[in-house]
Amino acid sequence: MNIWSALEPSQLINLTIIVPLVGAALVVLLGKNPNLRESISIATAVILFTLVLGITDNTFNQLNMATSWVDFLPGLNIAFSVEPLGVLFALVASFLWIITTIYAIGYMRGHNEENQTRFYCCFALAISSVMAICFSSNLLTLFIFYELLTLSTYPLVTHAGNKNAKRGGRVYLGILLSTSIAFLLFAILATWVSTGTLEFTPGGIFTDAQSSSLVSLLLVLFCYGVGKAALMPFHRWLPAAMVAPTPVSALLHAVAVVKAGVFSILKIVIYIFGIDNLSQISTTDVMLYIGAATVLFSSFVAMTKDNLKARLAYSTVSQLSYIVVGALLASSIAFAGASLHIVTHAVGKITLFFCAGSIFVTTHKKNISEMASLGRKMPLTMIAFTIGALSIIGLPPMAGTWSKWYLVVGALEADKLIILMVLTISSLLNVAYLLPIPIRAFFTPADQRSQSWSWSETSEAPWPSLLAITVTSVMCLVLFFYPQPIIELVNLIPGVSTDINGGT
Amino acid sequence: MTELIDLVLLGMLAITALRIIFLKDLFAVVMLFGIYSFLSALIFVNLDAVDVAFTEASVGAGISTVLMLGTLALTGRKEKTNNHTTFLPLLVVVITGAALIYGTLDMPPFGDPDNPAQQHVAPRYIQDSPQEIGLPNMVTSVLASYRGFDTLGETAVVFAAAIGVLSLLGLPKHEKAAIESGLKSHLVLRVVAKLIVPLTLLFALYVQFHGDYGPGGGFQAGVIAAAAIILYALVFGLPMATHVIQPTLLKALAAIGVLIYAGTGFASFFLGGNFLDYNVLASDPVAGQHIGIILIELGVGVTVFAAMLSIFYAFAGQAERANIQ
Amino acid sequence: MFEQHSPVLPIILPLIAAPICILLGRSQLAWLFATFISALGFGISIGLMLTTLDQGVLSYSLGGWEPPWGIEVRVDAASALVLCVVTGISSLVLVYAKESIAKEIDSSQHTLYYTAHLLCLAGLSGILSTGDAFNLFVFLEISSLATYTLVSLASDKRCLTAAFRYLIMGTIGATFILIGVGMMYMKTGTLNMLDLAARISEYDSSRTLNTGLAFILVGVSIKLALFPLHMWLPPAYTHAPSAVSAFLASTATKVAVYVMVRFIFTIYGAEYVFHTMGMDTILLVLAIVAIFKCSFMATVQSNVKTVLAYSSVAQIGYMILGISLVSTLGLTAGLLHIFNHALMKGALFMAVGAVLLRTGSVDIKAFQGLGKQMPLTMAAFTIAGLSIIGVPLTAGFVSKWYLVTAALEQQEWTVAFLVLAGSLLAIIYVGRILEAAYFKNPAEGTTYKEAPLLMLIPLWILVFANIYFGIDTSMSVGAADTAAQWLTQPSSSPATALSVNMGGATQ
Amino acid sequence: MSFIVDYYNYWIVVFLMMAGFYIVISANNLVKKIVGLNIFQTSVFMLYISIGNVSGGSAPIVADGITRYSNPLPHVLILTAIVVGVATTSVGLALIVRIKRAYGTVEENEFEDKDDLI
């Protein structure tokens, strides 16, 4: 599993950040030759994934990996170290990058997009930032790459370059930069001034020396400061970002960027506040209920959207809040559920986005109302869509089952029945806004003629895209039957366990 | 007695200033300003500041007034009435004035020899400078030696002003203008001017080199010499003047004056002293001081003469242009 | 042999070079010579910086007369830091100027431009190095006169009214400083800064000294364009030639901030200014109003140079805010922002100058589509713009970090939040320009070439400096921190020959 | 009474300064502004010279039989300041000449748009 065992473990971290950068540079250099450019993209993605696998292997072997780049300020440096939660996220992001690149080749060519070099280059830059966020060992490093991620995805969001793209980009950048500067940076600085450290430390860094009101305030600031987690009312950027080409929406706005947001919240909760201390903070419940409200409210909004990508976007907002809720339940098992949800939601939602993109490329249809009887034309795509939707809803035999299960158990353990109800209602709402799409595609005839269906009717998306869709939908199934490695990884997170009552 | 004269002069100044505020005729305003300058020069004399009085008279009442008149000739002599609100400026002035009055309440009494200002640094200039520098005029000693760096800066300011005016207005080309200019038709003026100009130049030289012993020095001398040429230009016309002293030469002279001054400073470098340390210029420190002061006063004189004259040329050149048009 | 004279060289080299430029006559020669002198000054300044950090304060007696009788040039870490900024920016701007002024200034005046630039540089260096309060006034006037000239060199007639307004305001400011220095002299009998400090500390409070301080602070505030005395700055920076805007925006106001620091911390002492007079609250409020009012003004301008000018006033607010926090950390933040802001604003104005050169306009419409047509220039503008916003890995982020930390250290939570909120406005005004550059299409049928190499090189040097000092902060923060420590606790600065001297002088 | 004798000089000087300052900020005509600036500065010079005055002293030029001299330092400072003043004046006036040529007026309220207002 670890083909990089010859290298020193800490070098692996550097490589995960640098390899995508090199990839980006090569993409720019080879921009004139599309075949070469895209081969490089895939090769980089594959290398990156093997690197992350190597890191995963080392993590299971309890090897410490840490590296420090520069001393930014006295007592504060840009440094990286590996911990299980980060590995989990890195695995998801790097694996799905391969798939997305394959998909993107089909999509971008099928759609004859312009500026493809810029697209692949920024994509690699964004992944590099994501890796740095995964392995950041202090808040400063996290913040720096969080901002770089925002900036490197901005050109992707505004890829089309038209008026809509500009408006979307404005909202995107405006909300993400504003919240991060006004709240997140403020919270980080306040933490720095009051505790003198920003290191991610198991059990948290706040002690009795900090007043409880300060810590409560900081929790709110952190939750809202991480605008990428799309907690209401700062969720508007995510639907706005849907002007981007679908591969971007798929990877970044269903996986990398938004997950970087919730990942940051998870990391802050566990390593800055500490799960155990969470219940003593007065604002935890406030944020918890705001998260719960976001879950419900955005599900309702999703139901009203006819545009498929917009509906998926609001669904993402809702699902992200699951993770926030899981983090703030102050229960070890809920936290495990939240961590797992990063993985399961990622494979489920990326499948849905891939399908949406394929539909758009093949039929140029954006709206759900136009998709009647699409199952005749794109049966494979629509089957994949069904699988993804079931996973998001959390029905067996799909991956989403596990994370929802743990979240529900966590809510019970924390004695928060309201949250339990919210989770249940939200699952029903998921059914209500996701399942009608495949049902409509398969069972509503477009017109009155009722010929029997034959293969010749089909016109699927280009084969690379189809391949990607197949892989992710299979993943949804595989992760249901074989979730063990992931769960083991989650159990390595200090203070987190999938066993009831915190395990042993 | 001194106090009484002081009081009377100050009263006259106050009246002049008030009149200037309300007058709309700019020509009168500028003339009143000249009077204001002269009156303040008198006050300076009364307060024993003879060098300052000399300078104020030649600069404030002389050069500044001439330049203002030159400007008025180009811009018109009437200030137009305006509907500006006077409330805000008045408020600002009253507040500033009140702050100053508040500040005066703690000031050491006027003229008291025991004031801090007279106690700390100044006594050395009064007691030791005649020995250390060897000059009777303490003002020159302080100006040229103890605070010679200030004076270098001052020379640079004059040079900068010349650069500024030249870049804004440009120098007149020295060529015979097609039309008659100046006041050549007035015989009396011509004769008087012919008499006065050389005398003034001679006086300038006297002021230049006598500054060590009495009031005067490079700055005043430069201004006076410039005034002589200005008079010449006024009577015989700018083209004649530019023929005598070419504008490009003036530009070079202004630069050379600064170079003489700074060069003296650099000479101290090479002779092992600090910048502007004249002691090292000769074997005997006092002699060295003397050489140094003569050199830098020369630098000041040359720069001021050239700068003031070229500024005048620039203004006069504008007026000439306006006349031609 | 010049080493012992190094404290005075940054002043007199440009001072003597200016008349030589006039004598050289040809503008090409003048350009080469001025650039050489400026670069030499930069080298000496860096040397001074290293020496002061290593050995402490350098003192040099002009004319061999020991202070307080003679004039002293006194270079400490604070002076050396700003000196490096001024000479460094000046060198880059001079390199940049050759191509830039070719279009903006009439060719007959190029030599005058270089001369005025050198005079301005000499004046600014003099202000930074002198240890004498009156000498400071003289150098202030040299730099001011040169500045008025520089501003008025542009071909647009509006530069004239801008320069005139600047002249009137600037002279009022200088005269206020003169009044203040006079009042200080009246109570102490000395003009040397250290000597003044020693003698002022004998007074608990004195009306004359209070008034003197008030006049000096108001005068300096005009010079540094502190809100609401900033009205001269936007037109001056808007209508001046681009090279001049780039130079002034990154040096002139910074030097004025330095003067304020000098008067507050060295001469009067923070105790007197902030406790006895309660100036900190006033400065703090003005700084915050400046940040918001002027950032907002920047968001509604259509002339990009005006946008940058208003942004400058807002950024000056940040510097003053650092000072008004009355702590070593706050002062460090203020000094650091002087350094960092020079890097960003210099780069921004240079980029705009390049646009002006190619398109002939600096209206925001002129930026449409430039992202494709002048990619290098606009990339530089983007990075410098991100630095203004305070995005991580740029110099601007480091400034913000220190400012907020300093505010939080003083338990000023609201202030800390406002500092960050202020940068949100920067997102808007920078974003508007970037949107025009990257999303709008250029007007029909216009194609512009990339800026000439001689402009791109200094521009990109500044951009790289923005990134470098955003990542490796040891140099900039180290110098600012040392400077702030010495300013706030004079006793912690290494003993020097002069302080021994002074013991005798103040008897 | 001695209070008044001690300070009348300063007070009148303050009045003169403020008269000059008022002209600078209230005048509509640019030339008049410059005149005001000169009056303002000249009055400040008087403040300095007053500081250096010593009752019963004489001009600071060594002469036999005189023991008490006025303070030469303020004189030196003001010599420099006067020069600075005339330098500023000449540049200001040159600007006015150019403004007149460019705008056709030197009255502040007659400039074309708000941006040009001084």
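In this document, chain identifiers A, B, C and D correspond to the written order of the chains, with residue numbering beginning at 1 in each.
Please note the rule applied: a residue touches a chain if its C-beta (ideal position, glycine included) is under 8 Å from a C-beta of that chain, and two chains touch if they have at least 3 such contacts.
Remember, it's a predicted structure, so these values are computed and weren't measured experimentally.
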(message) Taking each chain's centre as the mean of its CA atoms, which one is most distant from chain D?
(response) A
(message) C-D versus B-D: which interface comes out with more C-beta contact pairs?
(response) B-D
(message) Based only on mean CA positions, could you tell me how far chain C sits from chain D in angstrom?
(response) 28
(request) Return the distance between the CA-based centres of chain B and chain D, expressed in whole Å. (result) 13
(message) With centres defined as the mean C-alpha position, give me the chain A-chain D separation in Å.
(response) 70
(message) Suppose each chain is reduced to the average of its Cα coordinates; what separation in Å results between chain A and chain B?
(response) 75
(request) Pull out every residue in chain B that's touching 2 or more other chains. (result) 100, 104-105, 107, 115, 117-118, 121-122, 125, 147, 150, 153-154, 157, 160-161, 164, 168
(request) For chain D, write out the residues touching at least two other chains, lowest number first. (result) 17, 21, 25, 30, 51, 73-74, 77, 80, 84, 87-88, 91, 95-96, 98
(request) Note the residues in chain C that touch 2 or more other chains, in rising order. (result) 134, 138, 141, 145, 148-149, 152, 179, 185-186, 191
(message) Which label fits the chain touch graph of this model best, line, ring, star, complete or other?
(response) other
(request) Throw together a list of every chain pair that touches. (result) A-C, B-C, B-D, C-D
(message) Could you list, by residue number, the parts of chain A that touch chain C in their complex?
(response) 70-74, 78, 143-144, 147-148, 151, 158, 161, 165-166, 170, 173-174, 177-178, 181-182, 185-186, 189-190, 192-194
(request) Report the residues of chain B in contact with chain D in the complex, numbered from low to high. (result) 2-3, 6-7, 10-11, 13-14, 17-18, 20-21, 26, 29-30, 33, 36-37, 40, 43-44, 47-52, 55-56, 59-60, 63-64, 67-68, 70-72, 74-76, 79-80, 82-84, 86, 89-90, 92-94, 96-97, 100-101, 104-105, 107, 109-113, 115, 117-118, 121-122, 125-126, 130, 136-139, 141-143, 147, 150-151, 153-154, 157-158, 160-161, 164-165, 168-169, 213-215, 219, 304, 311, 314-315, 318
(request) Quick one: which bits of chain D touch chain B in the complex? Just the residue numbers, please. (result) 5-23, 25-32, 34-36, 38-39, 42-43, 45-46, 49-63, 68-80, 82-91, 93-98, 100, 106-110
(message) Show me the residue ranges of chain C that touch chain B in the complex, using the header's touch definition.
(response) 1-2, 5, 8, 12, 15-16, 18-20, 22-23, 60-65, 68-71, 108-109, 112-113, 115-116, 119, 122-123, 126, 134-135, 138-139, 141-142, 145-146, 148-149, 152-153, 179, 183, 185-192, 195, 199, 206-212, 214-215
(request) Going by the contact rule at the top, pick out the chain D residues touching chain C in the complex. (result) 17, 21, 24-25, 30, 33, 37, 40-41, 44, 47-48, 51, 73-74, 77, 80-81, 84, 87-88, 91-92, 95-96, 98-99, 102-103, 111, 115-118
